[in-house]
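Look for chain A in each of the two complexes below; its partner is chain B in the first and chain C in the second.
Take a look at the complex of A and B:
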């Protein structure tokens, strides 16, 4: 047994194995992407008036950075092929229109209403096929929260923390706190991979997997800790600060106060 | 028997019991002796007690947890009430922790009581140590008790770490993985030690059961024994006191242990107990259900140990990253792991032996029962401040990621800043503290010699305005002059007429400690000052007027 195990390990480390894994991964993700984009292409085309109005809004608000035809400039990437989901995510969470600032574009107050957002999304989607805004059935949050939790811990916790409280990345970048994100936003984040987040296409996480993850996150959001105030769910550091400042500090405060009273 | 029943009639049940016990084991004699021990009154003397009471709470809540906790790593399918884990495979240890949290009546409260009091136990012990350090309470005859107290602090860390790992959740498993990595980082013995400890390759199937044995048996037993020794020595040595009139190195001023102090202590126990209960009932600690069962593949962002292990985690994080592996002497040396371990263990070692270092430098063999005001031992206080700063930077080092996200800075910058701070800040802290102590001592001298500024301005007949200085009351005066300033010793030749290296080192240290010093005001100085000043009005011109 032990010897066999060792052998298996050795094989996994060999360069040929790595190449095979890499090739398989590429095939899978490429295939997944093809399936995803063909699904988008099959969708009913939004009407031309919406697209035209979307283009107008785009020219007024976005073209300065992304170019008149969303072809991209020095300041911002091309949006051709990013899909409606990306626009919807970026605009409805208040990330776009971007403002040049620190290492990561920040979330700002949302500037467009739902219909304006939809029109811009339709415009960008009309340029080339890309991930579409998810159907209500995909984000019903009625999946398996246990599996969702497992997937979350394996795929997301290293950046977003096991309780979804967020975490630091390198050079001032960070993965945000996920409490407050709605199902559509989560799904769109997964299929578009905003900024430093990787894309989780349907080959990585099937739509059902995504729904499970959403189910899990919705459970966390709607079930506060049974143990009382969560102290931001930031874990032992905050607990330690709390014990020093509030608990030990409180006890000393009471002692001094009692001492002062009795004198 | 008849006496007992007689008394029972007279004095009720309590008196009856007391009498019963007295007649059989002579408790009255013991209690009388013990009860006449005297314990002084000051809030900083209560810190040790906070630790003691937290430990009692730990024993009680921990025993409650043992009724339900099962230290097995065998895998089961969870079928409890917590929906997002239903059907998940997990260890029995984790499943039983979830059951304690969600299904045992009062279980979650007890888990939280246990964990909060664990944090409080080590925090109170740590602050208690600092009080002892900064007031010089570790000097002869209490050096051994300092070491015992130090052992308690380290045992507290051990108890906490072994307990933290029991629930076998993702967070604690990540913590164990780090320990495993550190052990494996030891040259030569690393891999063998890890394999012995975990019963094979990490995580193995036995570590939780082994830690459980340590956590509920060995470590608490050691803590209990050390607490008994610690308190026994306090009784033998008697408690120290702050200086004041009538307080000397040969007496203790305070209340007798019985009844005043015991009544107070009893009340204080309930106060500490009450605060822990209140916090445990309202604030979540270690929500293990969020983390999921341990699985070696995922690692969560923001993985940190409990605060008392934080300084070691910080040392690991702050270690420069290009030191990873050096091949030398046929072995691999992982200095990125060895260096932090040396720093952590070294820091603790210095703390453990500090009283002996200071005792050797001063050569002071007298007993001390009156505490130092921190300012009157400037170099010791400054060393303490530097040590606390060093520890604090290591500690903050364990939360570089949280600092980066919460203050919107770059993780890399935070890390570099801390690496530099680790060396610069303690030196700064030393210098500032020493200067501050010397300045405060000078001010004390001023006040003793010239009285306190009263804020009352008087106009003299010829039109000059002066401020009236009020002489101090005897009580305060005592506090300000009652200390000893050591002189640096010189390296003297020994019997063979040679100056040994040891003597040189000692002289060097002595110079380091005592070259800058402020002497306490002597009686004759005080008299001279009072004579000079007459009505305690401070001003050159006034003097000329006399």
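Take a look at the complex of A and C:
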């Protein structure tokens, strides 16, 4: 951690070195800060050029709703203090820029490449301290999946379903399906609480807890249901209904055949 | 009434005048298999093929049992049951479809009507039956000995009564356990499942904590029962978002509020918290509670708000309960006063 901090300070003093190191090191230093200050990390350490570039992208793509200085408008919240993790989550999953206002912003094709996303994240992070993009060591998915499963069932399953298949919330909102989400997105969602999802800070779920939860979800994804096709994992009512309709349809078909006279 | 006068067959209890005329049996249609040897041979081959497919299916099931054994690898269960099931299905369906196809195409298909037999007994038999009943009555004295008969009725009426007492014993008497939970003044709020106490400063705005009372994990028995009553959801709102009644202003701490997680409808865990709308949704029947207004019901079948747990902070900064819930948690019950 100390090394990370020193590197960051060094980068600020030496813009030429920073241009090389920071392009690759932004994620790393952000993650380092996340450990250093319980993931509500303080300043990221991007260089001024990235921030300026990010600001341009922000003005062109985000400012119409979030305000020219990210101070928020009637249509969208302030982004001051939401942190790089929030920007990275929203933009890299295609939720932002939003296509239309509605109960919930949908996942769409991603509009910005990784470097553009990082620059916008750097700009927003430069406005005020906020959660940083997690370091690779936090999202290695090498934890205890059993414990992660227990934490998931206590903290997440009521909305996201015990199998991570997602579920309905009030008035058109929903908790999305988690199959297909990558560890970084899951971690960022936990620390930033996108849209109506609550925040799970490090006092609630420690970084190790979060890694366990991620491990559990990755296990679910790589281990299909041993009982057969999941039918969307939506639960016994849906599965029962499907079987009733399909099997009853088959039985009716056989009954018709039994009663029909041979030609 | 004899059946020959009308044409509506036997077995009718009530004879009406406007009865629909029996259309009789449709004219017999000769099947292709009756007309052409070629078709007959083809049907015969089809039936045989179905029976052979059945044999193949059964044999495949046996093969699959040995070729795809269930090992420690979880997915082998899926493969093994799938292939076994397919083989056995083919084995059984082949027999069934073959038999039906055989009957439909090759066995005689001439329509035959079989009348129902008359169910009424002959006059002699009926007279004899009444004679036997009367004889039994006179020999036993059932009609004549009124005292015996009535005391028997009484005995039969009293006989099931002890069962009512026993049914009453089927469940434990809940006494006042429905009215109290583990929470009492000074109990720390701890995280589920670890039992780690929670500092007020840990609960940032927008956070949600799933809370159990301190000491729950140390219980030697009835742990789940206690958890089912005492489970609490802890959230922090911006204090200006909270609309608190005067008498409840001291129940929260700087925007942190704690509510029972047990739905007042039928007791499902209400834990689907939406950070921006501050709605709390019950997944079972969509009862929705508004956390900003003392968890009042804003949608769904629940009839009462979720009970609030009065909380405070102790000298070390940990969240504690001020008391137990001030009303019974969970769904209504018989003796509960609203």
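Side notes on the structure shown:
Everything below uses one rule, namely that the second predicted complex is superposed on the first by the 213 of 263 C-alpha atoms of A that agree within 3 Å, B and C clash if a C-alpha of one lies under 4 Å from a C-alpha of the other, contacts with A are read in each partner's own complex, and residues count from 1 in each chain.
Rule of thumb we're sticking to: a residue touches a chain if its C-beta (ideal position, glycine included) is under 8 Å from a C-beta of that chain, and two chains touch if they have at least 3 such contacts.
In this text, all values refer to a predicted model and were calculated from it rather than measured experimentally.
Three-chain overlay on chain A, with chain B and chain C in a clash. By the touch criterion defined above, A:150 lies against chain B and chain C together after alignment on the C-alpha atoms of chain A. Residue contacts after overlaying the shared chain place A:52 against neither chain B nor chain C. Legend: residue contacts after superposition of the two complexes on their common chain; A:159 is shown touching both chain B and chain C.
Using the contact criterion defined above for the overlaid structures, shared-chain residue A:220 touches chain B, although it does not reach chain C.
Put simply, more of the residues of chain A are touched by B, taking chain B and chain C as the two choices.
When the shared chain is aligned, chain C comes close enough to touch A:197, but chain B does not. Legend: residue contacts after superposition of the two complexes on their common chain; A:99 is shown touching neither chain B nor chain C.
Shared-chain residue A:228: touches chain B and chain C both.
When the two complexes are overlaid on their common chain A, residue A:167 makes contact with chain B and with chain C alike.
Contacts of chain A with chain B, set against its contacts with chain C after fitting on chain A, overlap at residues 150, 154, 158-159, 167, 169-171, 175, 225-228.
Interface residues of chain A facing chain B in the complex, by the touch rule stated above, are 102-103, 145-146, 148-150, 153-154, 157-163, 165-172, 174-175, 216, 219-220, 225-231, 233-244, 246-248, 250-252, 254-256, 259. Looking at the complex, you find that chain C touches chain A at residues 29, 31-33, 74-75, 77-78, 81-82, 100, 104-105, 109, 191-193, 198-199, 201-210, 235, 269, 271-277, 279, 281, 283, 286, 288, 299.
Contact residues on chain A toward chain C in their complex (touch as defined above): 40, 150-151, 154-155, 158-159, 167, 169-171, 173, 175, 193, 195-201, 203-204, 223-228, 257-258, 261-263.
Residues 41-43, 46-47, 50, 83-88, 101-102, 108, 112, 116, 119-120, 123-124, 127, 170-171, 268, 271-272, 275-276, 279, 281-287, 290-292, 295, 297-308, 310, 398-402, 404-405, 408-413 of chain B are the ones touching chain A in the complex.
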